[in-house]
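So, here's a batch of structures to check.
Shared chain: chain A. Partners: chain B in the first complex, chain C in the second.
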Partner chain A sequence: MAAADSASATLRRRDLCSRGIRLAGKMRSDVVDLLDTYVERQGLDASASVAAVEGVPVAAVERWDEQTGTQRLLENLAAYRAFRALLAQMLEEQQEQLGEADATLGRALAAVLLQVSAFTYHLEELLRLENRGPPGEEAAVPPMPPPLSLFERKLRGLGVLRELAQWAVRSARDLRQLTKPGPGSGVAPSPAESP
Partner chain B sequence: DSHIQYERVGADVTMKCGSMDWDSAVTWTANGTDIDESHLNGSYLILKNVDLTQSGQYSCYEGSPWHLKYQTYLHVGVPPKEPVLMCRSNNYPKGFYCSWHLPTPTYIPNYFNISVIHGTREMVCEKDVFPKNRCHIRYLQLFSTVKYKVTLTVTNALGKSSTTLTFDEFAIVKPDPPESVVAKPVPNNPRRLEVSWQNPSSWPDPESFPLKFFLRYRPLILDQWQHVELSDGTSHTITDAYAGKEYIIQVAAKDNDIGTWSDWSVAVHATPWTEEPKHLTTEAQITETTSTSTSSFMPPPTTKICDKGAVVGSGSVAVCWTAGLVLAAYGVLFI
Partner chain C sequence: LEHPQNLKCVTHNLRKMICTWDVSSEGRHGQTDFCYTTNDLPPSVCFKTKEKRVEIPVPDSSSTVTITTDSNSGIPFATKEFEIHKKDILFVPLTPRILSLTPDFSTSTLNLKWSDNGLIFPYGLDAIWQIQILRKEATEKVTQVTYYSKLTHEDIILSWNWTSDMPLECTSHYVKIRCYINVTQFVGPKDWSEWSPVGEVPGKDTEPNGSGVFPQDIVVAVGSDLTICCVHEEGQQIKQMTYGPEIYPMIPLSSRSSAIRVLNASASDASGTNAVCTLSEDGTDGAVLFVGYAPDIPENLSCETSNFLVIKCTWKPGRPSGLYGKRRTKYSLFERISGKNVSCKVNEMNRERVCGFPVLADQKTYDFILGVSNPIGQTESSLLVDLTQRVITRSSSTKIRKSSTHLCYFLLSFFSLLVCFKHSRGKSYHTPCYSHNVSIPGGKFSTHTTQLNSLRPYTKYRFRVRCSAADHFWKWSDWSRVEEHTTLEA
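Up next, the complex of A and B:
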């Protein structure tokens, strides 16, 4: 029975990883398109440098290949929960700023927000399968940033989308690592399982 | 003491004979050959509008027998033009390399210095032993939005020049072409070719960083390529080849998510399977058209030897069968 459960969990894990990889690929493609639309609609320079913005999860990581499976899942989950909140905020600001005048941008933002939500669900499920259980939502959501000018909000939005595009690539790689046999894909045993 | 000096092409060069006075009587040689006095101003050697052929060893002698008073090696050259710099990652995610060259020679030694900045961090670019104009950098971070800034400065005795490249981590990812491309005919399938290849050996982890492939093929007799993009696997069966025509086939690779396509692989040639033609051993048989049927000898269908107007019943076969018998008998006589 235990073996059957384990086999079932392995299959479920592989299935979630495969779907997650495909979703990450689609998400990245859509975010790249959204970036073009956003830059155009917001009157920004596509090559503008954006300094790291507080509250935006940074995809850059050192020693990526040494991370455990659990670390990958937890970092991804924290990031996508933050993106979910940030995109929702961007959508609200965009509707306030431009209203129905720019439905295209609003629709594109909403579509990506939906994908981010779906991906977050995948990550939560994967963590449940690892007997980890996802951490509480409050712990992952970054604090509200101070009020920004319109231009600062536009730049922050640019930074959000750029980092999200990087995260989508990183997430696909992370999920592939999880499907590989060997220590790189392993997860740390939960307290109940540790010797 | 022997000296070295570097001068620009087209410059006017004045060489002093060491510490000798201007009015000392001296003799100058270039690569062992006496220099005419018309090039002297006192004891100074004057070379006007020097060119590359005037590079060499210049020596100044005094008295008889000659005492060597001064010697210098003149190198005529030009300052460096802006170097050409390229950076690429063919082994992502391990790192990337940068290579460079000068667009035109300087004819004198050049020194290259490269700096790599990522954000606020200066990274070490380890020079390759061979080729000398290349160095490689290990990625310390992955998935960064911060750009890399690579500056190459080339310096020689006559001047310096530099160039800077700025790029994203993803933008320079370009695998090497696929390796070991093989194309084979498929037995009993005149329109198929089986193509297989391997990931480039320089790509360190195709499992975590899978490649996708682009295959192109055309018969040698046509210029137009057919293209197929393949998201996984390292083989493909071409099913629409022209029967009997030799094909040329190439494959390119790209990371599934980022970067650009590799160059095309080495081209391979293959011809789809064709049935072996029957060997005709008699003169009569050689003059007849070949039938594609594998059955015993029958009159070829293109041979019009019967009158369709005389057909009775089920068709021309009835009348032509008689003619066929005649031909079969004829053929048997000459086997």
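Up next, the complex of A and C:
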């Protein structure tokens, strides 16, 4: 019976991973489109250098190969929860600053926010499948940023979207890694199961 | 011998004067005996002094002064007598003292306060003040302004504002002031006072963490000339400064600050125009400026009611302000008689402007002021309206009872009506509007019927109806829904 459960969990996990990979791919292309719109509507220079923005999770990771599956999922989940809060804040600021003047950008932002929320839920599902409930939300809420000038907010938004685009690529790779047999994909047993 | 010479007397307050002199050769000598008579009337007043400077009363006409220099052992060895005439005494007002120099960074305005020292002068004298604004360690004069006041025999604190052409954060500003008092009854020569000690308002380029682009996030009118500066850390270099898509030549202000000058700024996009300062080592700093229009005076302000519950006012907004979100143009309806004020929720993207105001009990006349404002300016439009003359009905549902040659209409309305029917055979309405005056006293949704005669039997007709308040025609309502009916066969 246990073997059957394990096989179905694996199938379910593989299915979630492949759907997650497709979602990440769609999200990435939408974020890239949004980036173009954002740069144009905010009057920014596409090549503008943006210093690391506090509260924005960085996609680059060292020793990516050595991460366990659970580590990948947990890092992804923390990142997308942070992006969900950041995008919601951007949307709120957009409404405050522009009102109905730029509905196109507002809609594009809202669409990406929806995808990020969906992907976050997806990751939580994967973690539940590993018999490891996703960590509480409070841990993920990014600290309130210091009051920023409008230009700093514009740059910050650019930094958020750029990093989100990178994360979408990383997430697809992480999820592909989870579908592969082998240690790299393995999920560390949750405390309940520890021998 | 060391003869006293070059006696000069200066008065600052028309009552006392300070006399100074020098001696022909600066040898070693002891004290000096100083004697003077006022208006050449004895007795003579004498005293010893080590200084070559004394303060004595200003004479009405003239004074005789005798100065004797003593040797170190007190033996007088040189005496000189001087005649000081009033016309030889120089009047120089006291050096003004800046009481406060207060910056308002949001408006780039300096407020200067100083005392006019009027107490020591007779009432009514004209005072002229010269105020200099400087930059670059008080070496570069930005402007000099002349300010006039009248002395009132009291010490009055004078206040003066100056708006800079650049944000005060950009660099330190310095202010100094001097004055000239036109003492007409004083016969001697008159001159400007000394410049006051300099007052300073430090710029951000003097603060350790003061870097940034200024002004930050302001709203200005289209056509404005702007000075935008970039304050950076010591040792950093500015590669370029852009406003919108354009690179501008830089004007150095200090070792840590440079500015650009944007003339006749054009309207910005909804998200504002970025002023970007690109620094060495990939540093980027910037600010957003919103350039828009002050609101136009609303045109065609019109108010009406269709239900005696809400008064609907509409107007034409005029040129779009180009400002959005929290900087958008805001509207409010103020009714003067009741004193009631309503702020209007307006979507800046659609051209039609509408605002609802509650119908007030027992009030027939409404004196509206539509207030319009945005960060650049404000205006208003007004309208006095007798509500009973601004009733617009709504053609509501109709039921029809038909016979071979006439149709009866039931109309829902609650005040006297002027009813207009339009009917046609076939597709288009070829008959003119057949107007039928029906008058019904006001009431709660009363209904009434009317009859259209002389129709052709067995003929398909298309009907629609509209109505208007009969007492004071204001507008026709919209047409009702079309009803198609065929009269019975004859």
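Simple rule for what comes next: the second predicted complex is superposed on the first by the 195 of 195 C-alpha atoms of A that agree within 3 Å, B and C clash if a C-alpha of one lies under 4 Å from a C-alpha of the other, contacts with A are read in each partner's own complex, and residues count from 1 in each chain.
Keep in mind that, in the parts below, contacts are C-beta pairs under 8 Å (C-beta built on N, C-alpha and C of every residue); 3 or more make two chains touch, one makes a residue touch a chain.
Bear in mind the structure is a predicted one, so any value in this text is a computation, not a measurement.
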Partners on chain A (chain B, chain C) - clash or fit: fit
Touching partner for A:Ser117 - first (chain B), second (chain C), both, neither: neither
Touched partner set for A:Gln166, first chain B, second chain C, both or neither: first
Partner chain in contact with A:Arg176 - chain B first, chain C second, else both or neither: first
Which of chain B and chain C A:Leu155 touches, first, second, both or neither: second
Chain B versus chain C as contact partner of A:Gln67, first or second or both or neither: neither
Chain B versus chain C as contact partner of A:Glu96, first or second or both or neither: second
Which of chain B and chain C A:Ala48 touches, first, second, both or neither: second
First (chain B), second (chain C), both or neither touched by A:Thr37: neither
Chain C versus chain B - closest C-alpha approach in the superposed model, Å: 11
Residues of chain B defined as touching chain A within the complex: 93, 140-146, 170, 207-210, 256-258
Residues of chain A defined as touching chain C within the complex: 41-45, 48-51, 95-103, 149-152, 154-155
Residues of chain A that touch chain B when the two form their complex: 25, 28, 58-62, 64-65, 162-163, 166-167, 169-170, 172-173, 176-177, 180
Residue ranges of chain C in contact with chain A within the complex: 212-213, 216-217, 244, 269-276, 282, 284-288, 324-326, 328, 347-349
